[in-house]
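As structure tokens, the structure follows; a few thoughts come after it.
Order of writing sets the labels: A, B and C. Residues in every chain begin at 1.
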Amino acid sequence: MQKGTFSVTTTKYMELIDITGMVEDELHLAGVDEGVLVLFNPHTTAGITINEGADPTVRTDVIMALREIIPFELPFRHMEGNSPSHVLASLFGASETIFLENGRLQLGTWQKIYFCEFDGGRSRKVHWRCI
Amino acid sequence: MQKGTFSVTTTKYMELIDITGMVEDELHLAGVDEGVLVLFNPHTTAGITINEGADPTVRTDVIMALREIIPFELPFRHMEGNSPSHVLASLFGASETIFLENGRLQLGTWQKIYFCEFDGGRSRKVHWRCI
Amino acid sequence: MQKGTFSVTTTKYMELIDITGMVEDELHLAGVDEGVLVLFNPHTTAGITINEGADPTVRTDVIMALREIIPFELPFRHMEGNSPSHVLASLFGASETIFLENGRLQLGTWQKIYFCEFDGGRSRKVHWRCI
């Protein structure tokens, strides 16, 4: 089972960063071209998701909607003050699973893989394994 | 590793469609009876989920709640006008993982697998692999 | 492929219970120390998530936020009256995937695994398999 880790630098409080190219580079360097790829985010105020990549406004619209959905004004007790970010981490989930076929990610026509920053900017990591 | 793809036709704007039987048919035809099954949705305004199948009102109640949770009136910039559908795609996730034992899906008593349409009706696909 | 099932007893209507130690005990007893671990929740009003474990207020803050996000007063038709719990089950997802390396779960510094009870207290089960 091949595996690896790569880094993602985020600059905004909340943003979706297209990491599809980074994932493809990792797989290419490791010589993996067939299997089931799992990406894992080891952070508690971040996530990984798959969504549209053609129009960059989709990712900013998604962040705009999330900031409307998540309550920021509740009497949260966690002293770091980032409870809304923790809620988003659980709603998005820590991992994504994608099929790999003939050296290419079997993503849909419009799909890209995004690292989800919910409490940035920070230096983040993504672990992966290919089964 | 066995794999396949099947089609799902949706007819409503937003709906949950029970695909448990389709998944079982695929596995039966492929002769797979043991392993870890991954279902992957290649669309950016759809998802896959597992929820109650006994009472059909659960799936309509879930859609009713989602339409209340997701904001539709924000100043979204994505010109296709379906940003709320993209948000739901990320909240539900593109894949589901289910165990397969002695030729049967190891689902709980009340669990069924649903294809989640968030911007239909459309012709959709589901990819699967069994590890 | 090694596998198992363990029980979780919940006592509150909605709560996150740290099951990291239970998962580690299961893997230790089964002698599994390398691979990709999948945890599966077979219930339709519960889930599994990964989030911060250092400060116990994070898990109560997450529950507080979810109860604010999910509508409870819609004209739901499901007669059991627990439609909000079913919505949360789908938003959190039925499974989590975690890497296992040298006998240790490859979780981030602050990450713990939580069983999510959304309609308790109940007696619940978690299935696992390690690939």
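As a working rule, a residue touches a chain if its C-beta (ideal position, glycine included) is under 8 Å from a C-beta of that chain, and two chains touch if they have at least 3 such contacts.
Here the structure is a predicted model, which means the values were calculated and not measured.
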Shared chain contacts [subunit A and subunit B, defined touch]: C
Magnitude of the superposing rotation for subunit B and subunit C (Cα, nearest 5°): 120
Intercentroid distance (Cα basis), subunit C paired with subunit A, Å: 20
For subunit B, residues contacting two or more additional chains: 69, 91, 93, 97, 131
Residues of subunit C defined as touching subunit B within the complex: 1, 3, 38, 40-44, 69-71, 74-80, 83-84, 86-87, 89-91, 93-95, 97, 127, 129, 131
Touch list for subunit B against partner subunit C, complex: 35-36, 49-52, 55, 57-58, 60-62, 64-66, 68-69, 91-93, 96-99, 106-111, 131
